[in-house]
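Next come two complexes, and both contain subunit A; in the first it sits with subunit B, in the second with subunit C.
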Partner chain A sequence: MVRPLVLVVALLTCACALSLAGIWRARAAGPTGQVAGTVKVTLKGVPKANAAGVVLYLVGFSEPASAAKPQMVMEAKGFVPMVLPVTAGQTVDFPNRDTVFHNVFSASATKPFDLGQYPQGESKSRLFNAPGVVDVYCNIHPQMAATILVLPNRKWAVVGKDGQFTIEGVPPGKWTLYGYSRFADKPVKREIEVHADATVRLDLAIDEVRTETPHMNKFGQPYGKGAYK
Partner chain B sequence: MFPFFSVPRMVLAIGMAASAAGLLAPASAYAGRRPYFWVWDTEVMPERGVEWESWYTERISSKPLDQTQVWTAPVVGLTDRLELALPVEWSWWQGSQKTIFDWYGAELRYRIGDPDPDVAGPLTGLVRLAVHRPIRSRSELRLEANLVASYQPSAQCKFTLDAGAVAVTSGSESLLSYAGGGSCKTVGELRVGAEFFGKVPLHSAVGAQPMTMAGPNFSFTHGRFWLTGGALIGVTDSAPVAMPRLIWAISF
Partner chain C sequence: MGSLRARLVAVLALVALLAVGSLVFAARRLMEDRAEQQARIDFESAKDQLDRSLSLRYEAFRSISDLSYVLPVFRQIAAGTDDAADFGLGSEQGDADRTELLHQNLVDADWSWARQAGSQALVAVADGKGRLLYSTAAPGNVGRSLTRLSAVHQALTADDATPTAGGVHDSGAMVIDGHDPLLFDAGLWPAPGAPGLHVVLVRATMLGGQPKALFVQVVRAKDLLADVALTSRGTHMALVSPAGKHEGDVPRPVAEAVLAGQDHVTRAHMHEGRRWLAYKHLLRDIEGRQTIGQLVIGRDVDTGFAALLAVRNALALAALASLLVAMVAGAVFAQRLAKPVLAIEKAATKVADGDLDVQVQATGPTEIQRLADSFNAMTRGLRERQKLERTFKRYLAPEVVDYLLNNPEAQQGGQRRTLTVMFSDIAGFTHFAETRPPEEVVEILNTYLAELASAISISGGVVDKFIGDNAMGFFGAPIPRADHAARACVAALRQLDALHRIALLDRARHWPKLSVRIGIHTGDMVVGNVGGHQTQDYTVVGDAVNLASRIEGANKVYHTQVLLTDATKAAAQANPSHSFRFREVDLVRVVGKQTPVRLYTLDGLAEDKSAISEDAAQAYALGLSAYRVGAFAEAAVQFHLAASLAPHDGPCGEMARRCEALRRDPPLQWDGVWTLTAK
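Coming up: the complex of A and B.
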């Protein structure tokens, strides 16, 4: 026997949830705005001519991942790109296009993994289904380091050399914009309000405090003196 | 008793030294993978990963059948799903008062399910096939097979069932085995749990009886080192009183 009060509360909860879902779908499918601007990057206070490597992303709403399968390529003993934004639920391929064996691993709390060692021409992949920052490295070559930003939506922009960026198709609302560089102490943060058919313009400044990210090998220990360069 | 310079004692000493080195290394945990000391698990090495793994097992019996076994093997990840171990085993028997090089062999462990746990889902499996060449019975081989299933509802806990079969080619022995266990993360990288093991002889030249054992387990990982241990306690009269086992491994 179901108590009437419990039944009423349950029905009201369902109705509210359905209404909210409907509102959200309407907003997502309706007119959108965009966020554009410029990022000025400095290295310990000195302006850098090249702002590439910075990623701008919005937080505050979720979207399903696209079917695209982004790649982080290993070549010339490095990861390309060095910062890769993906949406939670996307699978990333790690092809080795170098002439030597490489390893890909992450000791991050978001997605720890170890792809073993594999040669030129082979590729392995991992699914990233939880938002977070995933630093990836090669256990053979300590100079290889990159970051995968697993984001809750598809609204991000990779900044070009000139520092310009545009994020299109942003649903109206109050969101938080982050500017991320691997070499800054922490991401730059701005609260913004996006209106339909309008552009939010803003200028950001990111100060990078280092040129490399010190890290341990996959066992959590320093790379040996004999590590390959 | 062990002669002072016995092979098991030397391997034990090397293992303890390696364990101490692993514990002292400044590291955050990453290498550890097997939470059970008796049940086979579904995790395997990544491709071209290499590990040195050793077990020490004591069989404590009410009859004069006490035994100490040392098992050691390199383990190599052939692919992201298939690993190869090349074990050798020494044992000391109370009856003979001797340390014996028992057997050498090879075993393959194939993970059923994607190596990425987010793709594989909470349920994964493993098939293990092993062949052992006994040193004293040169005309026979010992064949082992296990089918293992693990359920991991969260990163904290894991539950595993393991069904096995053993046959000796001369026909002197054949048996079925069953095992299972659970392990949960507690503080840091320390996991604790429990497991059970039993076997049902189908044919035994020495009159072996069905038996069941159960007991607690723990596992710990630190950097390139992992350690797993526990003790099975005899549940049935036919079982040994206790069978403690310690496993350690170092990844390269």
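Coming up: the complex of A and C.
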């Protein structure tokens, strides 16, 4: 069992080195700007106090994925976080920390997969190599729904409850800013121009139209009456 | 309508009308049947094609459905909203991954049915962007855009891009990668259970090759639901939804008519002056549960079969023409038939008027010719009979007439034959005629002559002529008869009998008693038709005839009724049919003749009792012997004896008186022959 451990350590070391090299390259590319602002979230036009669940990301340039292995945790019959941004090339872990069996599957066009059912304490992972929107569900519990945003770069921000966000280290250029919520019909989209050592400030408004996302089970059928909740 | 011609024309016209009428009727029926049959065949073909299309579609759907159940994720992927691009996250890699995944699954699905259905059935599956995911024609060909196939393009760009009934259909011709052009029938339907996918069915017919690669160019593209079903022109289609919504170009009344009927095909339905045939086909959804609607295929028969209708019109014209021809032919034929009949009728009228020289020129049918021949034979017969009657100018026994008609040569030219000729004269008639009114004279004369002639005819003789109160007849011609002399004798006896009969009647009518003088002679004479061209007599000429006449006259001398020569006696006795009692009267020399003639009288037949007694006859014979040798005194004794025995016998008295005179004044020379001085 020593050899795999050594191998993993070696790989991690390499990954860290590569990441550092990437960061260095990015920084070496020159001065960067930042994007900051506020997101106001409404539910069918009614302002929400809590703006959590919104992710902002920039599209228009690519960056290598970080070595980090983000997690989407299953607990209390839910996925945490509900929206997980990753960079294309990253592998996501799906640990079950709940007391019941869970299943993880996606029927998305970008990354269809099915990890099968597994109990508490086990974890499975999946590599997301192409950008896209991957809706993730549990085949047992219909209320469990999450989205993995596979992004081309690492310039994203998970908005807090107060709606404030900041994206740092943005290379200068004309990019598109997207504001994503699972409950909105369409993402909010802004064209921005980032200059070195400057901050683009903008306020966004996202109107959510639902509080949950109806979907089919992995067989393409509706969840049965006796489905677990 | 009475004439033959009119009837014939009418009958021929009727026959022609019937024939042509039935022909036109049959042709019309035939054409209508053919039209209907063709329509039915087309309908059946349409139905087959539809069924094949539906079946193919169903199989394709089933394949994808099976795949979806075996690999649920496949369906999820196919159905999943690929909204990465909406989120600015679309990437070629993502697209390719997804396409590859779908493709692999489709490759692994069961398409054996499509291969069994034949290479002409191309089945392809496209994704929501019209990209080829799989095709049975070229399984390795992935990712190509099908949007150039207008059906695909239309399905993907239409506002209501989720057709539920029949999908989007297209057909036309296309070229496959430089191969021969092919006719195709392409349809695109959403795959059930995988709404992101579309099933593309291409049923292609290619000349001289197998469809190998997928199409690259659509030569003609048109929304032709009708052409899918029917390749023949003149066909209309309509889709009638269960709610009654009518889409298509079949006239609504026609569609309603076929939908209301029990049969799948209407009988000819009239719409705006045109006959329509319509066919209905129930369309169900792919599971066969739900009725999508009724497909109505209509055909305008009158337009589709305009050529046949033209033929029908031509036939009607031909019918009219043949009717005219038949009538003209009938008239001509009737004319030809009636002409000889009319000619015969005309000739018959002439015959009735007495013209027996009429001949009919017969043309026409055999029966008519036979009629004409018979008519000609009849006039010929009448002519000959008339000629006979003209020639003989008197009564002929029927058997003689028959003989002459059967042996025309018998009266041709002249013949020298031995015959018996007979003259019969009514004695004392001249005096009688002077004292009586002429009407009575003629009446009596005719009565007597008729009896005399009748006796001659009955006995087989020919009444030659009447000379005043004299009837002349001859025997042995024209029918040759060996017993002509005997027949003449029989005729003489019959004439005497007839005279007795008339005499009885005459007393009642206060007519005078008339007697007859008969002279008979047998000898050679010439017999034949004598006279000019117009009037000819079949008669006898010669010395023998004159002699007979003289002998008739000699009756006056001997007060006899019948005198005949020894030639006749000999000829009559040579034929033993009758036994006559002849009595020699005298030996005479008639006027103009040197040769003496022995005369006999006829005392009847041997069995007759009315004749003179044997004694008287014997005395007469003795007297005659003495008289010959000039012993007139002795002869006178004998003759007186005979006269006393037979006081009414003429020769007895005559010879007694003559011998008395000769005895008183004997002649210088005596050869026993008495010379007659009167004719």
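FYI, the second predicted complex is superposed on the first by the 201 of 229 C-alpha atoms of A that agree within 3 Å, B and C clash if a C-alpha of one lies under 4 Å from a C-alpha of the other, contacts with A are read in each partner's own complex, and residues count from 1 in each chain.
Simple rule for what comes next: contacts are C-beta pairs under 8 Å (C-beta built on N, C-alpha and C of every residue); 3 or more make two chains touch, one makes a residue touch a chain.
Quick caveat: nothing in here was measured; it's all calculated off a predicted structure.
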Subunit C versus subunit B on the shared subunit A, clash or fit after superposition: clash
Subunit B versus subunit C as contact partner of A:H195, first or second or both or neither: neither
Greater subunit A contact set [subunit C / subunit B]: C
Touched partner set for A:D114, first subunit B, second subunit C, both or neither: both
Contacts of A:F219 with subunit B and subunit C, given as first, second, both or neither: both
Which superposed partner A:L127 touches (first subunit B, second subunit C, both, neither): first
Touching partner for A:K69 - first (subunit B), second (subunit C), both, neither: neither
Residues on subunit A lying within both footprints (that of subunit B and that of subunit C): 107, 111-114, 129, 216, 218-220
Residue numbers on subunit C that touch subunit A, as the complex places them: 68-69, 72-73, 75-77, 79-84, 86-91, 93-94, 97-98, 101, 193, 196
Subunit A - residues contacting subunit C, complex: 59, 88, 105, 107-114, 129-133, 135, 149-152, 176, 178, 180, 186-187, 189, 216, 218-220
In the complex with subunit B, residue positions of subunit A that touch it: 91, 101, 107, 111-118, 124-129, 216, 218-222
Touch list for subunit B against partner subunit A, complex: 25-31, 45-49, 77, 80, 116, 118-119, 223-224, 251
